[in-house]
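You will see chain A twice below: alongside chain B first, and alongside chain C after that.
Here is the complex of A and B:
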């Protein structure tokens, strides 16, 4: 049986973290009373016009630079037409012809095996990043056969990041999205929380035999978490392979991922090829960006977005942070991934290191294998940890000074976990967990044990 | 040159226009003919202009909250509402098929 090559591309919509919307001054906020964050423009009332939010432009430039893109100094806005109740204008303002950023790349890492002992780096090309409007939200009320529409989200700024089909499975797609999420959160351009709809991912999946042309692709939507992304992609790859091996064909269709059943199903309302009738947005001139060289002399600086100025102020990206952690503390690359993967964990680790004599290479084991497992077991974030970095450091100091054993340390941790405001030293004294260092005392104990087990001692002496 | 029935049908679906009768379709054909005169101009090597605003500066707004909080006013326009939601049909209502429509296209 000829092998199959799966091909996976992604279209990711990240909500821009800004106070107000892309083209209007209404507020951007999750979970507000319906239609309370809607301006006349958002509701598409006649006579209203779009006015571009500078912060959204900066967010897109930052993201483009972080993803190694070429920033287009001149980009254009277009209208994409389709009818849906949550799109009051009947079109979405997007950037179809010339988007703000193109031709970038994203590096991400995967573990070769499940034990995180060997990591491999992969790259996915970023085709483009474009600015566009979000639509409102539709709540389907099937019992009354109606749809309730809330336009709070209509007009919120989005960055659409298009990843080329360089990935081959669910794991790669998930790792790429996770890295993008970390980058966006580090930049602050998007909070990228999937559960709140700030990061939405659509996957394009196809399969083909090596050497043959690419197969027909399907688009998979309704993926609500990174875990489900991996499942949805892998399911769709399998489905397509089975379909083709049974002599069937793949339709170029849009499918929805059903997380309960773990499968993809065809989506209604999306049959047939859509004709979006793209046209230039007549109400917006081209978006011009500047750099140090092209900066106009006498322009109001509020009207100028300077790419170089933004570049100089980019924070350390996750990959740089990881490299610094490895270099500074002598920990393994896998450790640095684990630290960055959990919100607040790096800070916790660094605080412990600062306050303890134990070497970072040893501290990391306690943080990742012991503390993190506790947190995961109790579904707590680092911020919610009942054990502070100071307590942890105190405990590790006792261990380092050989005042307690490693087993005792774990017992102390279990006590500290209860959050009863006792210090590690107090718990050690309370439970008499101190290691006995005195030679004479140790001899006495050993002798007492031997004296108490006379028969066994005789047996041993006889061989 | 007449416009094909499939194209007219496609346009009616996409734009929800109604060409209604032969007079309407003829008006469309004449409009296309008029616009086609543009092809007589040699535009080799000329960058297309898609906006008369191309030399204007695109105004950038500060990221302040200045609008919203007018649900009541917005909902005044709604024929049907539930609490503070607009009410719409359950999905896009498909245009009746060519055969079922009362446009001129019937019987073409």
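Here is the complex of A and C:
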């Protein structure tokens, strides 16, 4: 059988972390009482007009720069029309013709063969980033034949990040999204928490034989976590391969991922072959951004967004942070990945290192293999850890000074997990876990053992 | 002589000096509205609220602290502007009973100046039309239909035809506002102008109708027809008043991203305007097919007036004028289709009882809520916006729009200061004539002389010039450069002084004639 080449692209919507919405002053807040964060504009009251939120523009520029994009100094807003209960104006304001950023790239890393020992770096091209409005939420109540509409989310700013179909499987898609998530969180442009709907991923999947043109693609929606993203993509690839090998065809359709069944199902055809009748948004002039060169002298800098100014103030991106960790502490690249992958873990590690004589290369093992697995076992975040970095450092110091063995250290840790406010030293003393350093004392103990075991000793001496 | 005294009589100073109180003024206007109800100029009269505002104004005058020239002045607002607490219907079933929670910026500004809001005026549904005949509250009647001047001239017609069937239209779509000002029920009114909707009814009703430069006055709260062409319009009885209202409304509004950022300085017009140093352009394309010989002659006379005053009067060409109607049709319907998409019955406005599904509810709501004209434009607009048509219609129309705008740039760039043109092709036609053609045909015909200024975003003003043979008003239009309202209004004021347009002689106004109401006859408040 001829091999199949799966092709995966992603459309990611990241909710912008801002106080107010993209075009109106109502607040952005998760889980507020329904319809409590709705301005006249959000409700599409006739005669209201959009006013662009500067913070949202800055968030998009930051994200574009972090993803190596060209920032368009002039971008445009458009209306995308369709009728739906959660879209009060009957159109969404988006950037279809000229988005704010284009032609970027994102590098991410994967472990080969599931071992943490070998990592490979891959790149996915970023087609564009566009600013657009989020829609409201509609809840279908079939028992009462009604739809409940909550407009709190209507008008919240989104960055749509389009990743080209450079990925080939669920693992790659998941890794790319994970890296994007870390970048967004580092920038602060989005909190990117999938569970709160701040990061939504749609996957475009197709398969073809090498050398042949790309196959028909399906769009997979309703993916609620990075883990499910990998599952959904892999399932869909398999489904398409099986379908085609059985002589079937792939429909250009939208499918939903069912996390309970672990499969994708065709979605109720909510839009059909939609013509969105795109039209320029006449109430918003073109968005003009400046850099140091193009900024006019007499311009009020409160009124403009300066790309260079933002560039200068970008924080270290995850890839830079990892490289610095490797260089500074002599740890392996895969260690740095693991550190950044867990919220607060890098900080914890660095605090331990500061307070202990143990070499970072050794500390890292205790952090990643012992602390982290304990936290995972008990579904705790680093912040919730019953063991503080100070306690950990104390413990590792005892180990380093050879006052305890590593077995004893693990026993002490088990005690520390209980969170009883005892210091490592106290536990060591309590449980008599000290390593005996005195030669004479050791000889006495050995002698006592030998004395108590005469026969065995004779047997051993005879070989 | 006597007439000049009346024209220069200022109701504002009368208020200041206590010759008349805001309450009296308000009551007289309300009474006149009642007795001219047959004009159907008002959809909603906010009597209680107006009297309250007048009361507040009176207190301020008594303290010697009026807010400004507009304090206590009764005004009316076209019913497509949002007014908090007062119904805003757009003369449509879709918004019947709709009470907006906010004031349009221009309404707020007037109220902040102490103006007294008498009510909301009638219009074509959603401002689509050139007759003010196609709203759900019925057509507006031109007050001049009941003037002595018109009645005298129709004596020769058959006696069996009574007043009822002879009445003429106001023009549109801001016909209610024009009629309200023309019949003295208010001193100024807000209209809107997208293709001529302020200037057209101003011409037919014998009042001043100003279309400001696009971007000068905020559209926040004006329910849009075509966002890229709409402007709030100002209707008054004299040019000085228009300048005062403009001064209170113009300027950047953070709520409207299409308003310019530059600081606007309100201006006063010179009391003795001088036009001798100006260059007046006469665009030959505005000698349009169907232009009445009367208006053509008047236009020519006007040009002579300027010549005799020492101005340079030259013929110019705006070659793409003839494409403006078709271009407008594409761009207007496209934006209408988009702007009307929000009317789905969910959040506000009319909602149909049909509830089989959301889609069927939408369809029924929109069929029930919109009239034929609106629905027709939505269908056209959606057609032009389809992917397969977008390039051939919408994009092409935008290019043509650029050409039309460039025509003006060339002419103004060549040294012309102001353009002088007719405003309408003829005087107001009788209603029964007007309705023989459909809305679309009428709009296409009537907008020809006013539409291009909206395409180019330029300021333009109708100045009442003379009465036609039928005793009805004819106005002429001046078009100026972007943001040069001061120059435009100066020329308009000079012209107004020259032509001395006669005052309407309305029985109802005479009936209320006594000392206090003397002020009503004064054309101006400033």
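Criterion: the second predicted complex is superposed on the first by the 461 of 463 C-alpha atoms of A that agree within 3 Å, B and C clash if a C-alpha of one lies under 4 Å from a C-alpha of the other, contacts with A are read in each partner's own complex, and residues count from 1 in each chain.
The working rule: contacts are C-beta pairs under 8 Å (C-beta built on N, C-alpha and C of every residue); 3 or more make two chains touch, one makes a residue touch a chain.
Everything numeric in this text was worked out from a predicted model, so none of it was measured.
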State whether A:81 touches chain B only (first), chain C only (second), both chains, or neither. both
Under the stated touch criterion, which partner chain does A:284 make contact with: chain B (first), chain C (second), both, or neither? both
Looking at the overlay, does A:148 come into contact with chain B only (first), chain C only (second), both, or neither? first
Is A:17 in contact with chain B, with chain C, with both, or with neither (first, second, both, neither)? neither
Contacts of A:133 with chain B and chain C, given as first, second, both or neither: neither
Is A:275 contacted by the first partner chain B, the second partner chain C, both or neither? both
With both complexes superposed on chain A, which partner does A:51 reach: first (chain B), second (chain C), both or neither? both
Quick check for you: in the superposed arrangement, does A:185 touch first (chain B), second (chain C), both or neither? neither
Report the partner of chain A that touches more of its residues: chain B or chain C. B
Which partner does A:63 contact after superposing on A: first (chain B), second (chain C), both, neither? neither
Report, in rising order, the residues of chain A that make contact with chain B in one complex and with chain C in the other. 40, 43, 45, 51-52, 81, 83, 85, 147, 149, 275, 277, 282-285, 303
Chain B partner, complex, touching residues on chain A are 18-20, 24-27, 33-41, 43, 45, 51-57, 76, 81, 83-85, 138-142, 145-151, 268-269, 275, 277, 280, 282-288, 302-303, 305
For the complex, which residues does chain A have touching chain C? 40, 43-52, 79, 81, 83, 85, 88-91, 147, 149, 275, 277-279, 282-285, 303
Residues of chain B defined as touching chain A within the complex: 10, 14-16, 50-51, 53-71, 74-75, 77, 82-92
Complex interface listing, chain C residues touching chain A: 81-82, 88, 90, 95, 100-102, 104, 219-224, 226-228, 254-258, 261, 334-335, 337-338, 340-344, 346-348, 358-359, 362, 382, 385-387, 390, 394
